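Each of the next two complexes has chain A plus one more chain, namely chain B in the first and chain C in the second.
This part shows the complex of A and B:
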């Protein structure tokens, strides 16, 4: 209930022009706040950018996380060390992930550039975060860095319950490694994958801390996601009505995203 | 083959952290060297000294280049607030953990053992509210706290964090209680124990690993939370303080990196120690 009341209030506020002190509700404007948004190009562009960021984030962290989980499910020397390391990024608060990556990628002092130069991939230092073409990818990369570790931990927990004999039986029957992966491992992981994807959808769409630390929505508006727009409307322009409308829109997108994830992943279980 | 992939992963995980760590031992004057070195040249502890508020000895202050370093040791308050702020974070985190555990244990236990009218609705609602993100709720909470005059107090954070961590805690603990055999309880009931006594004496001791995992997760969440701490208080906990570094006039990455390293020590230690519990709890808590 502690959460339900604010949630309803947000919807409620989105229908009004709320005065800047936030006390009282001001003029009732029906759906004007929404109409304002829907007619606004910035809103649509930001929506698309948010969804794009979330997609990169979801695909990236799932692929890397799955790969890490598969790797750690094999036996090799140092496996426990690597498993311990997986916890490291996950223990970092999102904001600190942003800070760490901001300076790692920095165009003047960052080690990332130092590595690329040593590998002769670039000829001089390049500031990825102030390049509109790269900024969104790099912020997503930082977010993936943390999330993929959580994904790996969760999927690994799922993998370890996979009975070894099914896998062995399939390989006796002549199933190749790719076939075994597709027909045994993936179906087995599907419940875990569903959960992970829903989590990723939420974290991807709601990402604020990393953006705040790394780019503050810049350069220009290259990394201004819906979450950042909401923050600006609320606390910089104190425009509670528009901000709430944005928040409702974001929650709506997240809900749809979550539903899509659940539907696509669950349907395949029955097949 | 497998080792090269594994090495790749290790590098991917460690490089960013390594850079932060190595920067925190680098002298501010050595930070711009190209190509960026992997290893700090003449490592120094001064960054940590400044951040922790320990005065830097005079002989380390080379006039000219390091003059800022000497000054910040005494005068710049916002830099060496990290210790105080971490204590705040601990305080908030501890209270959030206590409140969350008390409420969620009772809620989870009743959800696990009773079927009351609306219990299914309540459970589904709890799961759903896990998905509604804080970002969407911030404005009403902000206004509530403003009306109650709690803005910029630790209670602002304690109340809002508790309401956010409750759903997760309830789900994890409910799954945990579900696995505890009901026989024990029936035996206790036969001996005349009341429900609350059963919960206190029989269930809680068995549920300690689940409670630890939940507590650690809740603590981590309140330690990491940035957005609410940013808008509801004036840099009361660690993340907004670190974010404040970014906009400082005399910004200094070496100092920030030292502060960052200090700030991630508690969560890293906690997760390292309780890793097993946490992963099991997370896997089961999200598995529903």
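This part shows the complex of A and C:
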């Protein structure tokens, strides 16, 4: 009920011109709010940008999270400390993550630039957030930093249920580390990966706080996502009909993304 | 210096003119009105008022609230909403049926809230006319709508000023701060040649750059909107000069490239440490610069954005009375609001004296600047006379900024101006895009 009623109300409102004072439902406009969006080039550009951001976020957090889970599943000194530390970024609210990363990426004093210079990847400090070519990547990186910790925790839990004897038997049969990863570990993690990817699709498409803290959607419209347009319609233009239509469009994209993730990843475990 | 256009009598509209003419009469009548106000307050004692504010100096807010509650015997439930997301938070409470009786608001939301009936028109409340009458003429139209409605009381007021490094300006061979935008560029260029890589900093982030649009248009002697609130800047050739200047400042490296995302804290550090020569923002930022005790903090002074040229933007945020408050509670809420945004029952600027001491914030009343307690409370390194003069005769509130549709324009400004600065657009296209943004904001069809 808690999910269904607001969802249905949003779909309902998307068909009306909703009075800003919240009293009554206003004029029925059929699908005019959707037609307004579909004819608007800002909407389509923002859709593409949101999908692109989500793709970077999904791939980045899944790959980094998986690598961290595999590492922390091995025995080494300090493993427990590192597992504990994994919770810290995840415990940070998204907005705080944005603020931390804004300073980390600072073009004058940011540690990120210092690291890149030490690695000889850049020759002088660069302000990535003010560069439209980099801003989306950098905001995605900040979001990945937090989300990959959650991914690592979930996948680590999955890895710990993997029977060691299967892995050992494969070793005895001469399977190398890559073969064991491909034919044992990955299939075993498929259900967890499916859940993780669906979560990442949702978090990636709904992202707002990190970007709000880092760039406010700028420079220009370089990091303006659909979530920003929804916020604007609801609280700035006070246009709840179009805001709701945008929310439905975003939910639809998330649904398609989630379905693709499930279709691609979910299979019965066959080890 | 010419008077503010609002100071010439606010004669654009009969209702507003009638109201403001009546203010003289209101002043004469103020004694009985105040008595009646005090009676209302007495009758209203032991009311419980719900007050919502954003989290700037919450301890100061709590102390101001406690003082008023103790004096009047009323109770105030204060709730704070973080600055980030305040607009969303306060609107959600209104729509969700939990509206505050008195609340902070951004000035650009004030008329929208009255038109949605989320906030009350203060006309007719005891002392409301006198409050408006005592304001700087240049400030009144932030609080009085075209139809004469008094939409809010001041929470604080400020003017955009130029914080500058005296030594750097002198070392570059200039005897005064810039008197025009072009001189600002020229001085920056010279100071840059002297080794300061990015001489000029300002808070040009996406959500804030709209304020600078007005700061620079006013500095360039452009009237942004007419008295009806229609945009006229795009028809003025001087607008293109201003926009070209702005683009050049960024493109030619007078500002750091990161200025599009840097926050005021970084700019404060930058100028306080001698990494910048100019910092354009509200007057009270000088306090942060000086008190941060950077290596150059002692060299920083304040001047008008363009010394003898155009005006600057006068800004400020407001407090509003809830639209659903009635009866004795309304009287108590208004008494609280008057104390918070005007004077207390004994005629003192108690609240503003406190804000002056804790944040160097101002009030849009000439009386504030001559109040001995304010003078004593204001930081000594700030030139209160200069700030008062800027309020009085060298600033404009741009009345359109409080119109119900305005926030829709403000939301679109960031992308348009950033595109100009990044070189994706030219001055003419930018002026046209801003005019279109006004149109879509008015019709509610912006995205």
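Details
Everything below uses one rule, namely that the second predicted complex is superposed on the first by the 262 of 271 C-alpha atoms of A that agree within 3 Å, B and C clash if a C-alpha of one lies under 4 Å from a C-alpha of the other, contacts with A are read in each partner's own complex, and residues count from 1 in each chain.
Rule of thumb we're sticking to: a contact is a pair of C-beta atoms (placed from the backbone, for glycine too) under 8 Å apart; a residue touches a chain by one contact, two chains touch by 3 or more.
All values reported here derive from a predicted model rather than from experimental measurement.
Bringing the complexes onto one copy of chain A puts chain B in a clash with chain C.
After overlaying the two complexes on the shared chain, residue contacts for A:115 are found with chain B alone; chain C is out of touch. Looking at the shared chain after the overlay, A:45 reaches neither chain B nor chain C.
Touch criterion not met for A:186: it reaches neither chain B nor chain C.
By the touch criterion stated above, A:256 is placed in contact with neither chain B nor chain C. By the touch criterion defined above, A:95 reaches both chain B and chain C. Of the two partner chains, chain B is the only one that A:243 touches; chain C does not reach it. Using the contact criterion defined above for the overlaid structures, shared-chain residue A:63 touches neither chain B nor chain C, since it reaches no partner. Of the two partner chains placed by superposition, A:169 touches none, neither chain B nor chain C. Measured by the number of chain A residues touched, the leading partner among chain B and chain C is B.
After overlaying the two complexes on the shared chain, residue contacts for A:202 are found with chain B alone; chain C is out of touch. Once the two structures sit on top of each other via chain A, chain C runs into chain B at 59-67, and not at any other stretch of 5-13, 41-49 or 59-67.
Shared contact residues of chain A with chain B and chain C: 22, 95, 106, 108, 212-213, 231, 234-235. Chain B contributes residues 2-3, 5-6, 9-10, 12-20, 22-23, 31-32, 34-38, 125, 129, 131-144, 146-147, 162-164, 166-167, 220, 223-227, 230-231, 238-239, 242-243, 246, 253, 256-257, 260, 263-264, 267-268, 270-272, 275, 279-280, 282-283, 286-287 to its touches with chain A in the complex.
Residue ranges on chain C touching chain A, taken from their complex, read 84, 87-88, 91, 94-96, 112, 116-118, 205-207, 256-261, 263, 266, 407-408, 410-411, 414-415, 418-419, 421-422, 424, 441, 444-447. Within the complex, the chain A residues that touch chain B are 2-7, 9-10, 13, 22-23, 64, 67-68, 71, 74, 76, 78-79, 82, 84-96, 99-101, 103-104, 106, 108-115, 117-118, 125, 142, 145, 149-150, 153-154, 156-158, 191-192, 195-196, 198-199, 202, 205-206, 208-209, 212-213, 227, 230-231, 234-235, 240, 243-244, 247-248, 250-251, 254-255, 258.
Those residues of chain A that touch chain C in the shared complex are 20-22, 36-37, 40, 42-43, 95, 102, 106-108, 127, 129-132, 212-221, 224, 229, 231-239, 242.
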